[in-house]
Amino acid sequence: MAIVLGPNQYGKAENRVVRTQRDTPRHEIRDINVSSALRGDFSAAHLEGDQSAVLPTDTQKNTAYAYAKEQGLTSIEDYGLALARHYVDDVEPVQGARIEIEEFAWERVSIDGVEHDHTWVRRGQEVRLAAVTVEGTADAQQTWVTGGLKDLVILKSTGSEFHGFLTDPYTTLVPTTDRVMATSLVATWHYSSLDVDWEAAYAGVKNVLVRTFAEVHSLALQQTLFQMGKRVLEAYGFIAEVRLSAPNKHHFLYDLGRFGLENANEVFHADDRPYGLIQASVLRDDAPAAGPAWDAYTGLV
Amino acid sequence: MAIVLGPNQYGKAENRVVRTQRDTPRHEIRDINVSSALRGDFSAAHLEGDQSAVLPTDTQKNTAYAYAKEQGLTSIEDYGLALARHYVDDVEPVQGARIEIEEFAWERVSIDGVEHDHTWVRRGQEVRLAAVTVEGTADAQQTWVTGGLKDLVILKSTGSEFHGFLTDPYTTLVPTTDRVMATSLVATWHYSSLDVDWEAAYAGVKNVLVRTFAEVHSLALQQTLFQMGKRVLEAYGFIAEVRLSAPNKHHFLYDLGRFGLENANEVFHADDRPYGLIQASVLRDDAPAAGPAWDAYTGLV
Amino acid sequence: MAIVLGPNQYGKAENRVVRTQRDTPRHEIRDINVSSALRGDFSAAHLEGDQSAVLPTDTQKNTAYAYAKEQGLTSIEDYGLALARHYVDDVEPVQGARIEIEEFAWERVSIDGVEHDHTWVRRGQEVRLAAVTVEGTADAQQTWVTGGLKDLVILKSTGSEFHGFLTDPYTTLVPTTDRVMATSLVATWHYSSLDVDWEAAYAGVKNVLVRTFAEVHSLALQQTLFQMGKRVLEAYGFIAEVRLSAPNKHHFLYDLGRFGLENANEVFHADDRPYGLIQASVLRDDAPAAGPAWDAYTGLV
Amino acid sequence: MAIVLGPNQYGKAENRVVRTQRDTPRHEIRDINVSSALRGDFSAAHLEGDQSAVLPTDTQKNTAYAYAKEQGLTSIEDYGLALARHYVDDVEPVQGARIEIEEFAWERVSIDGVEHDHTWVRRGQEVRLAAVTVEGTADAQQTWVTGGLKDLVILKSTGSEFHGFLTDPYTTLVPTTDRVMATSLVATWHYSSLDVDWEAAYAGVKNVLVRTFAEVHSLALQQTLFQMGKRVLEAYGFIAEVRLSAPNKHHFLYDLGRFGLENANEVFHADDRPYGLIQASVLRDDAPAAGPAWDAYTGLV
């Protein structure tokens, strides 16, 4: 029996790159948190402390900022592809690279209906996600791209039921035909093509997710999530799979009867913990294997 | 020499009250985090453990939820006034009450341009604040109301200079005539009247703050903040004082010259810590004394 | 082509269970955050909103608290095993269960060298982790247990070098033979046996990890991590694999030469982001397959 | 009526200074988060954007690191005093300076009972606090120093009652003669002398606070807090006032009777929000005026 090195990766996490474009008086801005991880044979570093195959994480930091200039930053998927391919193609010991990106959206300030050229307010709503994985070189090169979002907090004040569930001796929940349903959605999706208008795809997927949450009369959060994933796949042929993780942000009806007050689903306590947590994948039955598409580095995607 | 009890207060912090209105198919929602603190002679509780003058914090929790039904929750200032007056007027040992509220805004989901009746997405931008303090009863009763906001992240990519500053042997900063200026603004303001349309006032003040940040060509964050406060006071005669606390969220130009790349204010590192922190009050020279308007309980306001 | 439901699980996350033992005047306390996830054929809930196979997450909450009484809570691994087996053995539709636990340690208050019977201070150092996965019933039942820790912040002020690394056009890092090395360690390990003294094993593994970090003269964080994992495996035959995730918490030497001051590795800026992030597995070459041991539900392990 | 500038201050917040001493093989380490604020007539900066009186916050950052070398960092109070006096004495426009410090404690790693020379684990328990305010120069100079701690989580599993409280129509709380009492203590104290052994004083005050929490049979958190403050004042003649802020971290008895289980104060749900929050000052009746001792800049103290 011997003790051996197993799977490993290393990189620079959470580079906070802000990129403006100022070729004209009307500036543009992109604001991201990017992490890069390199995979390959780094056993000498682990076993002997020999760094000769190790490109420093400091270099990866420099590269993240330099590529925001050299390659531009007009969509996080393209930027991530450029970075991942660079490491695999240009740095000899690197056999695979994983780039994970969070993007924070800004909205242009409007003054009397006119958009300001160079001032923005952070939108603050959901965080956009992307992850790019590239493995191998030349003809053997394979690429996986996922998009996503997190922290999209969405709520409906009716149109949600929960009853008919399995019971056991520990079950005390009262069935309901009308409840508040709310979640802080995490959704990621695997693109089966690289020939995608990333900006339009992101906006479109978000729109389908939100719209479906609103439109589906819900018998369970599970049912709503499946419909959300299904409708994304129906709308976008270049998406192979959608993964959803949805905490059930409980809104408990507050017992006001003790004070002689009726509470017809009007006053709730929004509780923190514990919370229900539903996770599901929705995919095409002919979807290509996900491979390392969802093998996370920092937990972003 | 004796050891004595000094100023004290107690209450229930961070009640997460969500209130819907569902009288018609088009529902409404308000989502708040409310804290109540009571002030008065509670020395028996401290000195002898005698609770006979102490209304439990659990009761304050119940009251926060009950008042969302009884009094409604159509503006946080009115709701806060109702709660504060209740404690001072109805609970004998209470001589003063402080209500602090954070409000989280939701925006209605739109489907094909039509607003949905009962589904919303958390806006996620700034958090609205209010604090109400009531002291004394009947003719001796005094009331202070402050409004505010926090977490409003705003940035301009040009139109900001910083030079001509004082130097000493520890000064290494390079003057600049063009930099990114960004902050996560906290602003609070003291209403000198209670006869205010709170919703309109909040929207208006936020608009003035954002607009002024955009419009003022900045020679220093201090200068921008003073103008922001000044224009709020000019626009709203019923506001006596504005207090601003603004972290300078540094965006450092990344040195790309090392890689043969020009960086003409295009690529920045958004740093976390440390950060400059500027705080200032702007007020009318005939402003009434602020009294306990800003004597915080939970640090919300 | 059809759209189908892929892998899914659901449960109640972050139940904050505190269990005291008070059979004698000297009380004991265990303080945990426990999440349970159920796996099985829940397609009816997703596809049709039919809950008849779904044990509510509310029931899982009740069960977490009830089992702290019924089964006791003397080690998180045994408690997790009892919960996981209960779901798989007693709830018919459940084919697999995953229990993830964080434990917060308390230390007894000492007064004049005498330990107090019923007062503790939260230790506050690392958080202990465990995850139990059970699949199948009767003879086909399989069980995986991992232990772990997170948030163990450890630093050495010398005995760490970093040089001889690969360079490319983006490399600007200066090699060093003496630097501060610090991390906030996450380590998890897979037990190949269930016949383990869990409390002793945890204390022992933590001790080996800390001791090895101190004793190894480091040429790279990678090398230190491999040694940490290797020595755990050498010391504990019932551990098959160790996984380590270590952010390099950078301590940058502050340039005091600008002020005529020498800085011989004495004054550092502890930076927040970005950070190097090294991840590695160390295992026996005859280790059993990890199976779902590390298939996380909440990201705890 | 004119609009004028009110009270203002500015500085550099949250400088993360780490200072090692390595004169001998046995190193020492101090790890702090320090903020400095300057007060004076900075109206030209606010009103006209004229920075000629403004020492940049970047300079304050440099100074914080430089002083960790020049003045050393053997106690945060002495380091804070040196910084504050420097700004007031050496920088002409500065009339007052406020230095706020958080300190994170490290404990030396022990290997087989022998302390390691240069490896530590972050203790992780409470955060130590200090704030220094200096106003005026030469004979007119006044100085205030407060010490403190935060995040000290302490719990007793019995020895706490709560009954006999005031009731009103919203009161539903059940009185109890035996409950868990827990808090995450914030305590700050005002030193009436500068001739203090700061390290011994801090350790002593913490010890009195913890011991008193344990020893007092509690009829209310208020009563416990008053005793904690009183005993600190009795023990340390050079402390004039103690301020305590204590969230009541509720541990709710879980209703296990529904499952046929007895719960004799053994199984609790540790709730997050809302929480009771008790704040009180305990002082000598001849205490000097606190002046600006507690006028916070960053909310640290």
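Details
Order of writing sets the chain letters: A, B, C and D. Residues in each chain are counted from 1.
Criterion: a contact is a pair of C-beta atoms (placed from the backbone, for glycine too) under 8 Å apart; a residue touches a chain by one contact, two chains touch by 3 or more.
Just so it is clear, the model here is predicted, and its values are computed rather than measured.
Chain centres here are means of the Cα atoms, and by that rule the chain farthest away from chain C is B.
Interface comparison, A-C versus C-D: the higher number of contacting C-beta pairs is recorded for A-C. Between the Cα centres of chain A and chain D there is a gap of 38 Å.
One finds 23 Å separating the Cα centroids of chain A and chain C.
Each chain gets one centre point, the mean of its Cα atoms, and the points for chain C and chain D are 31 Å apart.
Touching two or more other chains at once are residues 15-16, 62, 66, 170, 172, 258-259, 272-273 of chain C. Across the complex, chain B meets chain D through its residues 1-16, 33, 35, 37, 42, 45-59, 61-63, 66, 90-91, 93, 162-168, 170-173, 218-220, 222-223, 225-226, 229-230, 233-234, 241, 243, 247-248, 273-286, 297-299. Chain contact summary for the complex, chain B toward chain A: residues 15-22, 27, 29, 31, 62, 65-66, 68-70, 106, 109, 111, 116, 118-126, 151-159, 180, 210-211, 213-215, 251, 254, 256, 258-259, 261-272.
Listing the residues of chain C that touch chain B in their complex gives 169-170, 172, 258-259, 272-273.
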